[in-house]
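Below: the structure, in structure tokens.
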Amino acid sequence: MIAYLAMATGFLLILIGFYGALTNRNLLRMIVAFTIADSGVNLVIVAVGYMRGRTAPILDATVPAADAAARIIDPVPQALVLTAIVIGVGVTALMLAYAYRLYEKKRSLDIAKFMDLKW
Amino acid sequence: MVNALFIIAAALAAAFLLGLLKEQWRGAAYAVTLVALGFMTWISADWAWAFAMNGAAPVDIFTAGTEPPFAINLRMGRPEAVLTLIVNLTGLLSALAMKDALLALGRRAMAVLLVATMAFCGIILTRDIFNLFVFFELAAISTAGLILLSDDDRALSAGFKYLIVSQVISVFLLIGIIFAYHATGTLNIDGMADAAQALLPGGMQAFALAFFLMFMALVAELKPFPANGWALDIYESAHPAYSAIFSAAAGTASLYAVDKLLLIGGAAWLPAATGIGIVTFVGANLLALPQTKDRRLLGYSSVAQIGLILAVLGQRDVLGDLTSFIALGLLVAHSVAKAGLYWLSGLIAGRELTAWAALRGHPLMVFAFATFLCLLVGLPPFPGFYAKWELARVLAAEGRLALLAAILFGALVEAGYLFRWFGHAIKRDKPAEEISCAPFSVAAVCIAVVAGWALGLLWGEMAGFLFGRSNLLLALPLLFALAFLLLDFLPAWLKNTLAIAGLAGFFALTWTEYDPLRLIFAIIFTLGGAIVLLASFSAHGRRIGFYPAAMLMYAGMVMLIRATDTFDFFAAWELLTVGSYFLILRGKHSEPHALSYLVFSLGGAFLILMGFALAAGSGVSPRLTFDIASLSQLAQPVAPWVFLLLAIGFMTKTAAIGLHIWLPGAHAEAETDVSPMVSGILLKAGLYGLFVLLMSMGKQQLYGVELTTLMLWIGALTALLGNLMAIFQEDAKRLLAYSSIGQMGYALFGLALMNHLGWLMALMFVINHYIYKSMLFLAVGGVAKRTGTRAMYQMGGLITLMPLSFIAVLIGIIAMSGVPPLSGFGGRWIFYNAILDTDQRLPMIILFFSGPIAFLYLFRLIHTIFLGQLKDEHRKLKEAPFWVVVPQMIYVVLLLAFAVVPGIALRRVDEYMNQFFPEGGLDWSGLLITSNYGYWNPVAIMIIVGCIFMTLFGWLLFVNRRAQKVKQFNIVFAAERPYRPETTHFAWNFFAPYRKALGFLVQPFATRFWDAVTGSLHAAADFTRRFYTGNGQTYAIQLVGFVVVVFLLARGI
Amino acid sequence: MKPELMKRMVKGPDGLEFEVEPLRDYYCEAAPTVMPGAYIKIVEDLFNWARSESIWILGFGTGCGAIEMRPLMTPRFDAYRYGVQWRPTPRQANLFIISGYLSVKTLKRAIRSYEQMQSPKYVIGLGSCTINGGMYWDSYNTIKRLDDYLPVDLYIAGCMPRPEALLAGFEDLKKIIRAGKGEGANQYAANFDWYKANQKKVIHDWDMPDYNW
Amino acid sequence: MDFDWMKVPYALLTLFIVFNFGLLQTALIQKIAARVGRRHGIPVWQNYIDLIKNYGQRSSITHGVMFYLGPVFRLSGGVGLLLFVPSLYGSEMFSNFSFAGDLILALYFVFFGTLGMALGAGESGHPHAAIGVSRGLAQVTAAELPFALAVFSVALQYQTLSVTEIVAAQQGGFLNWTVFTNPLAVTAAMLSFLGSMMRPPFDVVLAPQEIPIGPPTEYHSSYLALMQTNRAIFPVAKIVIYMNLFFGGATIWPEFFLKVFCIYLWSAFVGVVFPRFRVEQSIRWFLIWAVPIGVLSILIL
Amino acid sequence: MIKRVSVLLLLLAVGAIFATLLAGYEADPELNLTARYYADRTAADIGAANIVTAIVVTYRGLDTLGEVTVLFLSAAILGLVLAQGRKREQARRERVPAGELLTTGTRILAPLIMLLGVHVFVNGHLTPGGGFQGGAIVASGVLLLLLADPVKHFAHGLIAAVESLAGIFYVAIGLLGLLLAGGFLDNRFLPTGELGALFSAGAIPLIYSLIGLKVGAEFSAILADLSDTEEL
């Protein structure tokens, strides 16, 4: 159940993020919206790997190596989400830098101001 | 062979190493970059070589010492080797081409370039879906970085748009990946594919959705139409060398990613790929039509090409093993061409298409440009051609004709705008700014050119290996033509001598191999071509570009008559089309006309391709390549359709009415010695095609309509309208061009009669038209050269100044109007005898009408140019150049000879035709020629007419021996006198009463129709492209919308 | 002189500049010559007979007499039966009827037309005005005596002579021709300078070659 | 039907007969036309006199080579046309040079003279001559069409292109003449005939005064004489084709004369009644009236 | 408005796709094939207690290399982007110094934060956390420094050197794995040691440390670059 909840929240976050990104004309707001969507994605990824009643995939005293398969949740989504997060951070940073330069150029953060290229 | 991982490792190591270098050591950093890229290129080249030569097995590369699917693995196989080679080579050469930009921005930019190249390789190599995502993100981010290399500060907004879109894409991709993982329990692509097969229906549904998201995300990376505004902005604003990477390398990588993904999705997703691909191909090509900016145009073209390849990938179910041959062929052609074009655009200062006129004066660059365009359009002998051929075959065989038609339509549109652009480059005013000659960039372009030709050679070999074909590029005529590319530095007279010797020599070598019918065409194509080429001795200087084009055309024609199977035939057909296009384009104002010629010709060629494909598909032969003669084995209901397609294709070349609008301009605007080539010789290629078609297929019926009857009507109407339109021309060469249309109508009519004499008549027209039209075009061209105008009313009275040209024209028009005793009469005589054999009377009546009309324009031609009043400024004119006159005199002799003894050419053909039509042949007893209906003795006619004529002439000379020679104003003028020759020369709108009576027949319906077609295409494209608003947010919305629409469509289906 | 007839510089299509002098370049400058008849007398007689029986008149009416010539074609007079007919072009005409007063302006045209006729050619002066100026004897712009300007073979007096008189004149002209005396053309050629001098004396805007072929 | 040298004197004989007949016939027709206008008209020998006079003109001018060749072409066309068609059916003597070619030869040889004349007229540099040529060619293309259709109809009817054989098929009573067996074709041909005879209503080509007399404006003296000779021969030659194709040919000279004269008279009849058409009017007239009849004649066969 | 409505409609459709996914989702009762392999074999093969770390650093090491490269790229491009912009306004660098509180706090906290970061990545194979987390913590320390003393020109050179060297070593270790052990990024060319010990799991601690350094350096570089934009 908790997985469904997390997953639904994740999806909702994605939708909210998209809505924000697709309707806000301010570059910074768009970037923020995308980070929200990213968080949603990450949430969904983690939620997919969740298995009820199991523990984190770290072998220690409570989780012996021999018994691990029955005790731990799926470690793969966790590994993936790590990568996804870092990539998200990278992209966000890049977008911010772009936004900065765009602002510098036109003294505006309105996406509709940057339509020199079209058709 | 080095482990393919070193491609990645080397790139990363070099990239990190760059960080250690000091900001100022840019030269060193650049060297490191180049070395790394070179190393990467070497690795993939090494692999590609190994796969090609030694047939090595694909190698799986494990990481982490663990077997897949538990660890990420890479694969280096044949496609991977080739594709990474493309990517790395593009990267390397682009690094060369953007040397200045890289040095300006420093080591960080170089590192980004390295990572970008590595990322594309990674996309190709990896077999892990999440790893694919990582590489995609790397590619996306580095793209965003490399966009900054551009001088164009609009690139910044393009980069941001790209980032927005890639965010959306990555969301979809991640969601898709995680759910696919959940459904299959693996991230390995092969594992996933296996697991997907084994899924239960319930799991299948969830998996399908996940797959859909992944698929859409990767497809979105392919810039599908219409969700691709962001990509176009990048293409337009990025540094051209990066655009080259973005087009060639990124496209290659993404395509291969989709290909891998399709492995998972299986056959169910192929239609979606095809659909998206073909919509993209056609849509992007259409939208490219109204573009005026070079890089954006190339962007549209890139998008379209990738779409095409996606569509090909989607046809995997029917293409089978051929998929990679076709897709690779298209891909390498696209990559080399697009990269080359982008590098080339980097050399050019202006961004308008017309700014490419700066290339003029740099033959090498023009050659490069032409090579790239031919590569893109898929003309022989380039890989795209082979790919197109196989694709057409399979699609037709599987009955996917709508798809084939769409592909060909898109290709036609693409050829249209690409060659329009080429026309701009060759013909427009040269801009003030010269092209930059940065040695590295030029080197990159040159390497691309070499690569293009090498690929042509390679694909020829492969086609030979796979399908047992001879390599086009190694065909002797083509080699000979291409040799002139290398010899282009020689003076024109030397090249001309070589060309003539080549043509004559080739004929001498091969003439025994032809049957009588082909022999006649062979004579016209080779010896005839040599005679026309004599006129080219009058050109001075080096005449760069003329000989390769001309010899390409001749090579095409020679190969055409030597072709026995459909592949050779079609290849020759396209070669001669391209050659003649370049030739026609040389004319001073021929830009639009050459373009319409090319578009019509290619359109016709595509119809021919469809025809052949359809024939092959219907079981004549399992291969598209089959003996042309076996067309006769075609059965209903396919046969008539094949016939129709082929006939229309050939009739495009002969400029049948409705498809004729390209001809007048093309022939009229061509150079003096080119007009006779394209009119006197090239048109015969179309007739030859029709001959071959009718010889092998005979009569066909479609819905109860006899198709040859249809051709009969078309021929008659063409003759009538061509002649009518010729009457009203003020431009001498246009007049001749329209007359060619009319003459071709006659020949078409004769062919369509489908009886012995009809064919003989067509052949008679082939010979006659060659002789007199070449002669007239040369004469008129010589006059136009001297007078500097082609408007006939501006000439007049030239008979005394240019007597030889006059004689040529006089003999020509007598022959052409069919007045005895010259050879045109023979054609008319056979014509009457031929139609007595047929039941088709109405079209024949139309043809009757056109006969005397020819008389009108011919008289006008000779009168307004040579007779009447000589103009002030022409008083000191000299006879046309010697070498222009020489062939005319040869033609005069030929015409007279052919008039007296038509048997030399016709007798053997007459016998040869007995095998098609045993009935109705001619009887050649002595000098008399007898048919079932009438008889004709050319020698007697000549002697009798000659005697009467000479007697009377002598008598008149005697009586008038004391006649006073007067000058041009000594005419009775109602007791007044003329004032100026211009106002005394009755020439303009010569047949005004005729126009009053029949002008309504020559309304330019066809022109209006085609104008409307192209106009509406343009207008539609211009309207549609407005949804590329330039707003990044809108682009993102479009992308989401695209996903949703495809989703709904997929659900609906 | 009219500007069209003045020398002008012309540039050819090949860039060559040269001079065009219309009167020299566009008109034949040769002077007329005396044309002998056939060598054999009987042939010349035959020709003269034929010439007399086939009189082709140039359809050029100069004055009020022109109106008197039209009835000749009508059923009432029917000149055709005498071998007389009208030609619209001087090249094919043998007889030039100066039908009445001749203004100086028309004289120029008359001279041109006459010279464009082929020899042998004949001139009939119709009406008094061609003989002595008639009622225009003191006019500032009509010529008084046609004979000074063109070699007249026959005058038909009257103001105006009726068509009957014209028919009678044709008969007289035929006699003259048959007698071999209709040599006006040769006379004109022989006395060319004299005629030209007379012509140029009255025609002040002489803008044509001396002889109009 | 092979050549032998005797054909030459025979051909010259034919030429002589036809020449004289043509001169007289033209005069006669002119006289008839004059009678319609209540005039006496020219004497019947007037054409001889005009001819002699024109040959006897002392001076002449020339505009150039083609100016010479124009009349030569014209007369060659007339003479050739006459000689390529057998004059009398069944007569070896008067079969002329018909061994050289069939009906098609004759049909196309008609244009030989037209072309030459047009060229000569063009060489004269006279704009009115050119206008005349333009009108003439425009009109003749339309006028010849019904004739070509009729000829073809006849060829289809008799399944031959040989004039002799066509005439042979019409022998044995006048009801066998094409005019009765294929009246539509003959109607079309006879309408076309009007157009090629340069008589009203189709004589705007020679419009006197407006464009002095069209193409021959500059021609005179012996040039003109040559063309007059042709004017005697050419119509007869042309009518001979009509006679052979449509009216059963002729076996003896009197029959020949009668038939030729009657056919010629047809154009004169029409000519004296109708006013002149403009060129485009005559083109339309031929296309609207004569051509459909010709087409019909072919389709009905 | 139209835009909003259409976006809403589109997102509704996307939501429908997501909803279908959600509805079709069933948690696996057992670990799937891949996960089971990791659970069973990690300890023996890799010797890392933290399975996620084993996956991140070894099994999916290529991903991680890519990930690091992403950051590297971001940092590099950020540098590029901002360097291009900065050329024009070199001069304006007048700023208010940070407050006393912040400066003092920084002096105390920064070393501690750094230490914590190092601890996190060094123990990445044993406990939750790892190179990325540790690197991020290190970078937060740098952020603090930046905030406290913005005027001080930050040691770009040092950061770049650390970043590059870490990267090169990372690639080199990966290649060592290729040469000495089973494949690229195989950690087992060093002894795997005893499960749970600090020096165990072969090269994982080494790699994770490099990653930590690199990530820290990269984040620091990014932050430093971004901080330069502040005065805009």
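Chains: A, B, C, D and E, in written order; residue numbering restarts at 1 for each.
Following the convention adopted for this analysis, contacts are C-beta pairs under 8 Å (C-beta built on N, C-alpha and C of every residue); 3 or more make two chains touch, one makes a residue touch a chain.
Note that the structure is a prediction, hence the values are computed from the model and not measured.
Take away chain B in thought and the touching chains that remain sort into A, E | C, D.
Touch-path distance (fewest steps) from chain C to chain E is 2. Contact with both chain A and chain C is made by B. In terms of the distance between Cα centroids, chain C is separated most widely from E. Looking at which of B-C and A-E shares more C-beta pairs in contact, the answer is the pair A-E. Rounded to whole angstrom, the centroid-to-centroid distance between chain A and chain D, based on C-alpha atoms, equals 99 Å. Centroids of chain B and chain D (each the mean of its C-alpha atoms) stand 53 Å apart. Each chain gets one centre point, the mean of its Cα atoms, and the points for chain D and chain E are 106 Å apart.
In chain D, the residues touching two or more other chains are 59-61, 212, 217-218, 221. Shown for chain A are the residues in touch with two or more other chains, namely 14, 18, 22-23, 48, 76, 80, 83, 87, 90-91, 94, 98, 101. In chain B, the positions touching at least two other chains are 130, 134, 137, 141, 144-145, 175, 179, 182, 187, 962, 964-966, 968-970, 972, 1037, 1040.
Two chains count as a pair here when they touch; such pairs are A-B, A-E, B-C, B-D, B-E, C-D. On the chain C side of its complex with chain D, the touching residues are 35-38, 43, 46-47, 50-51, 53-54, 59, 74-75, 78, 80-81, 83, 85, 87-89, 91-92, 94, 118-120, 185, 213.
Residue ranges of chain B in contact with chain A, taken from their complex: 130, 134, 137, 140-141, 144-145, 153-154, 156-161, 163-164, 166-168, 170-171, 174-175, 177-179, 181-182, 187, 229, 232-233, 236-237, 1025-1026, 1028-1033, 1036-1037, 1040. For chain B in complex with chain E, the touching residues are 3, 5, 8-9, 12-13, 15-20, 61-66, 69-72, 105, 108-109, 111-112, 115, 119, 122, 126, 128, 130-131, 134-135, 137-138, 141-142, 144-145, 148, 175, 179, 182, 185-187, 202, 205-206, 209-210, 212-213, 1037, 1040-1041, 1043-1044, 1047-1048. On chain A, the positions that touch chain B within their shared complex are 14, 18, 21-23, 25, 27, 30, 34, 37-38, 40-41, 44-45, 48, 76-77, 80, 83-84, 87, 90-91, 94-95, 98-99, 101-102, 105, 111-112, 114-119. Of all residues in chain E, those touching chain A in their complex are 3-4, 7-8, 10-11, 14-15, 18-19, 21-22, 25, 27-28, 31-32, 34-36, 38-40, 42-44, 49-52, 55-56, 59-60, 63-64, 66-67, 70-71, 73-75, 77-78, 81-82, 84-85, 126-128, 130, 132, 195-196, 215, 222, 225-226, 229, 232.
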